[in-house]
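Heads up: the structure comes next, in structure tokens.
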């Protein structure tokens, strides 16, 4: 085998492989299908397709604004309450009865598993509210029967009755005035389900499909879902608001934040949830991506399980709070993209107390307090770090690792515990944790949405009160705040509540982070909704 | 002129660190229709001559020869292509170990039919040609003495006896009707009955087809029975060559004499209980070959002059290369040199 | 031939029974409550626990349980996954073909590229091309597969932006699940823009297959090169050369078959490295295969899934190896019947 | 090696020396060998070489680029990672853990494998053939699968992942030794030992084992390269070493989050693993050719 055909074989092999790569890789041309569809990279699988059953924003993102509608809506700019499915409403002067006039001609989704025979009317509103309000309601105990958001606000004891006046009017009467009631009706959790669909399912004997194969009036119909992989929606042709949106919408579930940003760069995702702090620089540099930023209505905190000794002793909690250096956490975890939190409510809300005193960083006093409380020097505790990314805590694992070195200096050894997100919240609700790094993002503009679900006694069974802290003095402060409409009066109550929190330190507020949304330039119409779920109803792809 | 003419062939092989002259000025000729025997102890370079002739030598070995011709054409100067054609139609080789020179994973029939050259078959559709191939193959098998060819055809090389394999190798060599057959020690490790069958087959072929054979062996009995002429080789040097009878009756080179004495069946008057004659010492290995005549250290009548390589002298076509041949008394040789 | 077949069938049966026994005993070895490990359902109340134990025959003797377990395996009722409460048979029938697809394409690439290059390298021994082949094979054999996958991603996906990064096909194409092999499903599906989907699926396939195939091609090159070099030194090659065949003819008539036969079982053994690499690459490219599924299962401590997933993968790998070994043993007359060649 | 020896006496290298001479022939092999010795040195002297303790976090120098980049500082040659830990000392400790544990587990696997292999090789009859063929077919189970099962049973951790890889390497050693021993048993020098009345352990110890060293050397270099890749792969999937233990694979997976802002955090651990495995493969390959050439000449 002489030399010349030896080299000819090599030449032809190289040529062949090069052309193969070129042929397949060719170019990033956009095929016809990707024109008519939008892919959104979400950070986790929803627990169910009915936001009433779960407070996590992943579940709210997946269904609240896509599949369902609410009686009232928030205006994303100024936070005012606007008409939703209820075209108008009027409040009685003793603010005990609310009557809603409903919109006509709103159709439910027509899907392979259900075809509606009638449009949206008062029965659906009554069904949706009574489901979580009335224990004896046939659908109350379906899919677990726990409605954490509503239980944490204690709305069951506030609403007396929901009556259907006629086909398109509903009247809700309360026991005691509640200034935040309207705001709560506009949150992502109070969605309107289809009563007819529920009755059909009850007859077929598979009622739990109501929460897994959702039917609503929203801009998108549910098509299919596979856990930890994708959720697929199709455009609801006759949506009552004439908004323009893509034919297909897909949620590509990508738990790792760096992978989400990578997919944004390669164009596999058009928009990304909770981009990680480290990648914000990259997104700003690239000219084909835009980064939307808004001061967040959220708070990240470190909550102690006050029902477990020795964390029931406020002195221990104060010592642990003194042992960690919040400024370094802000730099290392939030990379300066967050403001230091002194109390629960961020500066964006009118109830913010700017002159609030803050727990400094003083390991010496911390050690002294620990000795006084009789804590031995080899005391071990666990910190639960939530596995998913949120605006209020982009990397809980990293924050826990940093805190473990600080706590080691005062003789407290830490082991970091983390589960998959669904199991993590189940175990948290059952109170297996010593302390947890988590947070809360507001669902409406009302400050009560911070104080009540996070620290009131009613919120412990629902699991939103992570500190499991029950203080009667604090509770009736919050109750009395709800009774008055005047905001300055309510502000005084909330400031006195702040003092109690500072004195007892059931939890250590760490930061109020900015909310970010990374989007491909070709997509128009995506905005940051400060009160929760992302909305795709009015989104279009530029050619 | 001779069919195969080799003059002063020197092959230097690479022993890993330096080049050693394995063959040193070997000369050998094979006439048309002649059976030339090549005798030498194992390790004397017999197979090296064969691989030098057929060109199966690694490229980095150095081969130099005054004359290495096949029917007048110089083999060394030929291109691979021409040499391959000669090997294909004019020279055939039967190697030493039959089982290892058969493809272990192919049936014997496939290998035999594969070696039938295209030119022998007449044109026609392929199934006609295959039928014809099978007939030729069966004819060949009968010619080389394999009776039950049906059984052997389907078998694999490791399933048949060595003598059948040897016959098979001969059949494959003969299929292209060569003019020269090189049998490299084909009767080794065979019991006498099968050995005689093979030898009768070879001599029969020589007579009927006037096929010239280069028969390489160190079994003197077999050689004396079929060979016409004989060349004796020692450590890569041709020691003596000539007719078998002449060498048998009057060996001129001490090594040939020792070789013939060592075969008891050759002795005419061997008294009972007498010592067998054998040369002292052993064959030197490649790394420490003596200079000059390589038999030197072991030769009974070695002298100072043996340090120079003796050139070949002819005694009416009985050539030998030794300073002190047996037929000349030693002192006469001395005066001649002074 | 027949007793060889019987011998291998008996070996297959013995191995699969051992695997089933191991997977059966895993339920008891896993920490936590055995009932959840077997059924995947967490008993809420005491009487549900008793009902479940009766249903899964936990109260009966170990042999009855084992027999019940085997009967379930055969009938396809593999229990329910702990975290997603979906039947394991459906989960695995979706996940396993995806990994199989990756492995088959990687194996094809390694065979079509590895073996010829190994042969050429072996025949042109000690020539420039051979040095190139040896350095390529040693270097690519020592690439850790997860690192080479990351490098491919950085170069081809992020810098050049030619190839997509994750998943099997762009989720906007709604491809109904048919055989589980994405390319086949697209061809069979009746979605309007089929050829776009096909091109997109191909672009998704390139990088994962390349990162897996790299290591296996290197191994194949080494095997074939060593084997052909040994073969070309053998006696029958010189005999063929003396009959006047060109090296090319000799190679195709004798060299190819004789050098391939001893190394086919060793290539079959590479299926386990392929499977390991596939499982690692799946987590990087978030390919919805069995590797990704098993590793998520381990993170969520989903013991029923691990138990059955392990059984399915190892039974597949073991059957594949033994069949290839049987085929190569049956068709290779020369080699000693019960010995396996060492490279 | 024709040094000029005045007295013409013969220079017969011992088998080991012969292999070393053969090994020395190729320069690549020498470079590979040198890198391998470097890694052994790192594995042993990591605590002395490392400038910082790998787990100490220095929060005011987070994600510092390596010294050769623009704004890198010489204090941290390879820069710092997301928690401000020095990457250079982490890589040194990482090499120590990955390389050290691989060498250790290959030793264990080879001793157990050889013992089992000789037992299977020497014994005849149904027990040994079932055992061998069963082990051979179980050899096909992927390492990651065994690792997942072991991690599921006794939890994650460096030691558990080492057990998984040992379990997978043992059948390979058993298979090689069994084939080798069966070959040797057929040979006559074993028959001679038997005739001299040697018991089978004595035969194994005095005649088979010495002959097996080269095979073992080649086999363990192969197993070492497989072990390193598997340990780092398990670390990458964080089934292996957990956070306080520094491991190359684990640090690679942790650095994925910052792959764009700090690409060197991804490149360095991977490069070190690659270098380690490459040097072992080069040495292994050259050892095998040296062994093959020694047997042929």
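We call the chains A, B, C and D, going by the order they appear; numbering starts again at 1 in every chain.
One rule holds for everything that comes next: a contact is a pair of C-beta atoms (placed from the backbone, for glycine too) under 8 Å apart; a residue touches a chain by one contact, two chains touch by 3 or more.
The shown structure was predicted, so the numbers you read here are calculated from the model rather than taken from an experiment.
C-beta contact counts were set side by side for C-D and A-C; C-D has more. At the far end from chain D, in terms of centres built from Cα atoms, lies B. With centres defined as mean CA coordinates, chain D is found 24 Å away from chain C.
If each chain is reduced to the centroid of its CA atoms, chain A and chain C end up 41 Å from each other. Averaged C-alpha coordinates put the centre of chain A at 94 Å from the centre of chain B. Between chain B and chain D, the centres computed from C-alpha atoms are 53 Å apart.
In chain D, the residues that touch at least two other chains are 256, 259-260. In chain A, the residues touching two or more other chains are 262. Counting only residues that touch two or more partner chains, chain C has 158. Residues of chain D that touch chain A in their complex: 57, 59-60, 62-63, 82-84, 243, 256-262. Every residue of chain C that touches chain D in the complex is listed here, in rising order: 11-12, 14-15, 18, 26, 29-31, 134, 138-139, 141-147, 150-151, 154, 158, 269, 271-273, 275-276, 279-280, 283, 291, 294-295, 298, 301, 303, 306, 310, 313-314, 317-318, 320-322, 338-340, 342. Only residues 234-236, 238-244, 246, 253-254, 257-258, 261, 332-334 of chain C touch chain B when the two sit together in their complex.
Within the complex formed with chain C, the residues of chain D that make contact are 129-130, 133-134, 136-145, 148-149, 151-153, 175-176, 179-180, 182, 225, 229-230, 232-233, 236-237, 239, 249, 252, 256, 259-260, 263, 266, 270, 273-274, 277-278, 280-282, 285.
Chain B makes touch with chain C in their complex at residues 51, 54, 56, 84-85, 87-89, 91-93, 95, 97, 100-106, 114-115, 156-159, 169, 172-173, 176.
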